[in-house]
Amino acid sequence: MNIWKYSSPQVFYPIAGTMVPWFAGAAAVLTVCGLYIGFFVAPTDFQQGEAYRIIFIHVPAAWMSMFIYLVMAFWAGIGLAFNTRLSSMMAHALAPTGALMTFIALWTGALWGKPTWGTYWVWDARLTSELILLFLYIGYMSLAAAIDDPRRADKASAVLALVGAINVPIIYFSVQWWNTLHQGASVSLTRAPSMATTMLTGMLVMVFAFWMYSIAVSLMRLRHIILERERKAAWVREMYAG
Amino acid sequence: MLEVTALSCTRGERNLFADLSFGLSPGIALRVRGDNGSGKTSLLRILAGLAGAASGEVRWNGSLIRDLGEEFLTKMVFVGHANALKDDLTAVENLRFALALSGIAVTEPACRSALAEDGLERIADLPVQWLSQGQKRRVALTRLAFCGSRPLWILDEPFSALDGDAVARLAKRLQRHVGDGGTVVLTTHQEVELGFATQGLELH
Amino acid sequence: MNAGLIRTCAALAARDVMIALRRRADVLTTFFFFVIAVSLFPLGVGPEPERLQEIAPGVVWVAALLASMLALARLFATDFADGTLEQMALAPQPLSVLVLTKVAAHWLTTGLPLVVISPVLGLQLGLPGDALQVLVWSLLIGTPVLSLIGSVGAALTLGVRGGGALTALLVLPLYIPVLIFGAGAVTAVQAGLGIAGQFSLLGAILMLALATTPWATAAAVRIALE
Amino acid sequence: MNAGLIRTCAALAARDVMIALRRRADVLTTFFFFVIAVSLFPLGVGPEPERLQEIAPGVVWVAALLASMLALARLFATDFADGTLEQMALAPQPLSVLVLTKVAAHWLTTGLPLVVISPVLGLQLGLPGDALQVLVWSLLIGTPVLSLIGSVGAALTLGVRGGGALTALLVLPLYIPVLIFGAGAVTAVQAGLGIAGQFSLLGAILMLALATTPWATAAAVRIALE
Amino acid sequence: MLEVTALSCTRGERNLFADLSFGLSPGIALRVRGDNGSGKTSLLRILAGLAGAASGEVRWNGSLIRDLGEEFLTKMVFVGHANALKDDLTAVENLRFALALSGIAVTEPACRSALAEDGLERIADLPVQWLSQGQKRRVALTRLAFCGSRPLWILDEPFSALDGDAVARLAKRLQRHVGDGGTVVLTTHQEVELGFATQGLELH
């Protein structure tokens, strides 16, 4: 069987429909577990006290903000190269979630900064580049919104998404490239994690929760976009006729 | 040899034309007719490779113009609704730059005499912004004098705003090009007698 | 073929420069905008010399950045409106190269003047000699990057609702690294620190921009013409 | 007659606002530009809070000036290109009033949003509450002046070559007093000084601009149409 | 009653026409002819009060249009080369605003039916930027449907870019206006038979 048939909105629409509840459910369960671990199981940090518990929101959000951008740029690029309608729609569906994640990372980070750094905001490389990421999401969305012709909107915003992708490595490595207030990676595949295992598990559970949430929400948004774009198409008409 | 097969074009919700097919061998002129908004400009832009079609193919001498890329562009000139003239440059300068851009190097005297041939010597050194509507159009069309080597001419409403003599002069130029085995695709609402046979294509 | 490409580019550059000189408006406005924006700071911020000196690098750099961004509005817009861009896309030469040529001409007429006048403004804000030198060099490497990145935004927003402001929204975030390293170099030398780092990064960004933006811009232009 | 004038102006304003809202991106992005431009300064100048607070008024004001300048580019240019300006000149109503209406609509869609968002940016730069209030008020009085003065420049540069450029450049410096008093008021309140002086001056400038610029702009428009 | 006496116009070093005099009583149409750049547009712009003449005077019912000012503008409509349409607004919106600007208040349904009469109902609600060249021109000309009360119509190349039906429809509208005692001044390079007598004026 050919996988290409899934690249047709008509085929994908119902599939997405069936997937949404599963991811949504998983997201709910994982969030509950993660928050439980994070706020009841995990020990109080010896230097940061309770404030550090923000990490259970902050880090997953921060990671998603970057990861979603890359995925978005990927789909946008595919759409640009092979102009497959669905992939462009996926990119558009991901953008708002990515922007939300970025905003959460910024917000929680700022809240965290007050107790730890004594200030909500410093113009340090990581914080700044994360802010740029937010601007890029906004730019992507407003460019797409500013163009009426969907085909042109897809292509134009795709170019922007690809150009902006350069910012993600900058965010990630900023802590290593410049001496920043922000701490470096404490989780990495190469060496043993430098934080308590319960903390780590809690964080990872939350990470997965955020994943599930993002997928669920993006798929829902994707379904709306598909309907909106294909409203003139026969299959949509039938679906609503029948 | 320009071949169009099963070409269809949609704009927004409208399909302008569907499943359009024709072939133009050298020495043939195609005159695209149709009411306002029937899709003539859209068709011409697709033929020139400026816009993409919803479906269908455009071939030049057997190969898709998309694949030919720049090679096709050296075989074609396109004069659209817009004149592509710079208000701040004189007619001569505009002509030279336009030709240089399409890869045709000409000397200034050559441009000058070409403009003179088209009866524009008086305004050759005026900034284009001062020219009248028709004069601008004529400056833009003077390019064709140097494009004899390019087999395919695609002209969108070339006669608009031209006075009688200018129309006649342009018609003669087209006639000569077709006579030399060139291919011309043009649209016009005016009833000009071109002085040579044209294949007709009606859009609805 | 190659000779043809060079001829075409030469003609294109010559044309753009000539137009810029004909309608001095554009060049002068960018230039004066830069001068005025910088000169405004002592007025807005207050005259204390040491404070001015502290903020001087940032002020000059931000002004340069905004000035070259204002100039972007005219990079493609008129060519798009009068059909010249159409003809560029139909030129039998790689569009990315033509675009690069246009950007170069644009930088010559809008970016270079800023670099040339910058030492005067630096002096005005009380920058010492070595800092002035670094300022000029950083702008010399930085402003082309601004033009290159900007060209992508300018092309993406052609004929789009939102106009120049949307361009700003798209390109300013991408400008930020240039700003950080550019201004950073000057502050570093003021603080007596090394500047090799910033300059190598600026250089790297310039190379990256040269290698990537022309294609992005060309793609954007084609999209706009569809 | 008078009723007709009101109807016409209402229609004109409605049209411009509607266009601006159609290009929702337009309104949004003028103000995103403002936001980003302000956010840039800390990057260039360095993060020290107290220094940022010191330069905050100048920064916000310069950014506001740039933003409204950016937006001005589109005040008449499109109307001129597509012939609408011609029709305005042929409207059986005083052109100066129509022009004033256009400027008002323009300010509503580009100037006002800046005023509204400015406190947030002031906060970002660490301005205290009273300074924020003064900032908002100064912008509320100042930005209309920028639009009015700018309209003269925008009209002067229409289609005109060389000469028009220079006259437009004479307009740019006219922004300076607005900036001095606008930013000055905020710095004054920060320094605990009185601000009555600056505000009365801003008010005076506004009155002056209201009284004179519409005529100047109308004249410039007529010249451009000749 | 439009009277022109000893009018002359110079542009840069060129004098386009000198010492031109004619009068147009109600129910007369003047067709200005001339080659490209002979000064037709310039003349029309002077008649409309948009441009100044080097010398000579233009009078409406005996008094100089300069002195009449806005009063004259309520008697006149001018449709120039440019369409004065806003790309972002729909045809209907454009029509309404254009009329409001020239002091004519009309309801939206009225605009809609006027557009329908001119065969534009399908595109009445499209943003003008999507329209074809001819459709734009036609939207601009639909204004005339509401300008019957204005005696003087000044039209520069009104027929350009229009298809056959549109030309016929416009010709009929002009005929009606002239029949009702209106005055029309127009230029056109096309050989359209207007269906009514026109006074001719040749510029060189």
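Per-chain numbering from 1; labels A, B, C, D and E assigned in written order.
Keep in mind that, in the parts below, contacts are C-beta pairs under 8 Å (C-beta built on N, C-alpha and C of every residue); 3 or more make two chains touch, one makes a residue touch a chain.
Worth saying up front: this structure is predicted, and the values here are computed from it rather than measured.
Centroid distances built from C-alpha atoms place E farthest away from chain A.
Between B-C and A-C, more contacting C-beta pairs join the chains of B-C. Centroids of chain A and chain E (each the mean of its C-alpha atoms) stand 58 Å apart.
Chain A and chain D have CA centres that are 38 Å apart. Look at where the CA atoms of chain C average out and do the same for chain E: the two points lie 45 Å apart. Of all residues in chain B, those that touch two or more other chains are 12, 81, 87-88, 127. Of all residues in chain A, those that touch two or more other chains are 128, 135, 138, 142-143, 146. Counting partner chains per residue, chain C has residues 22-23, 81, 160-162, 166, 169, 172-173, 176, 180, 226 touching two or more of them.
Taken together, the chain C residues at the contact with chain A in this complex read 152, 156-157, 160-162, 166, 169-170, 172-174, 176-177, 180, 208, 212-213, 216, 219-220, 223-224, 226. Residue ranges on chain C touching chain B, taken from their complex, read 4, 7-8, 11-12, 14-15, 18-19, 22-23, 78, 81-84, 86-94, 225-226. The touching residues of chain C, when paired with chain D in their complex, are 22-26, 28-29, 32-33, 36-37, 40-41, 43-46, 51, 54-55, 57-59, 61-62, 65-66, 70, 73, 81, 160-166, 168-169, 172-173, 175-176, 179-180, 183, 187. In the complex of the two chains, the chain A residues touching chain D come out as 119, 121-124, 128, 131, 135, 138, 142-143, 145-146.
The part of chain A that touches chain C in the complex is made up of residues 80, 125, 128, 132, 135-136, 138-139, 142-143, 146-147, 151-152, 155-156, 159-160, 162-164, 166-167, 170.
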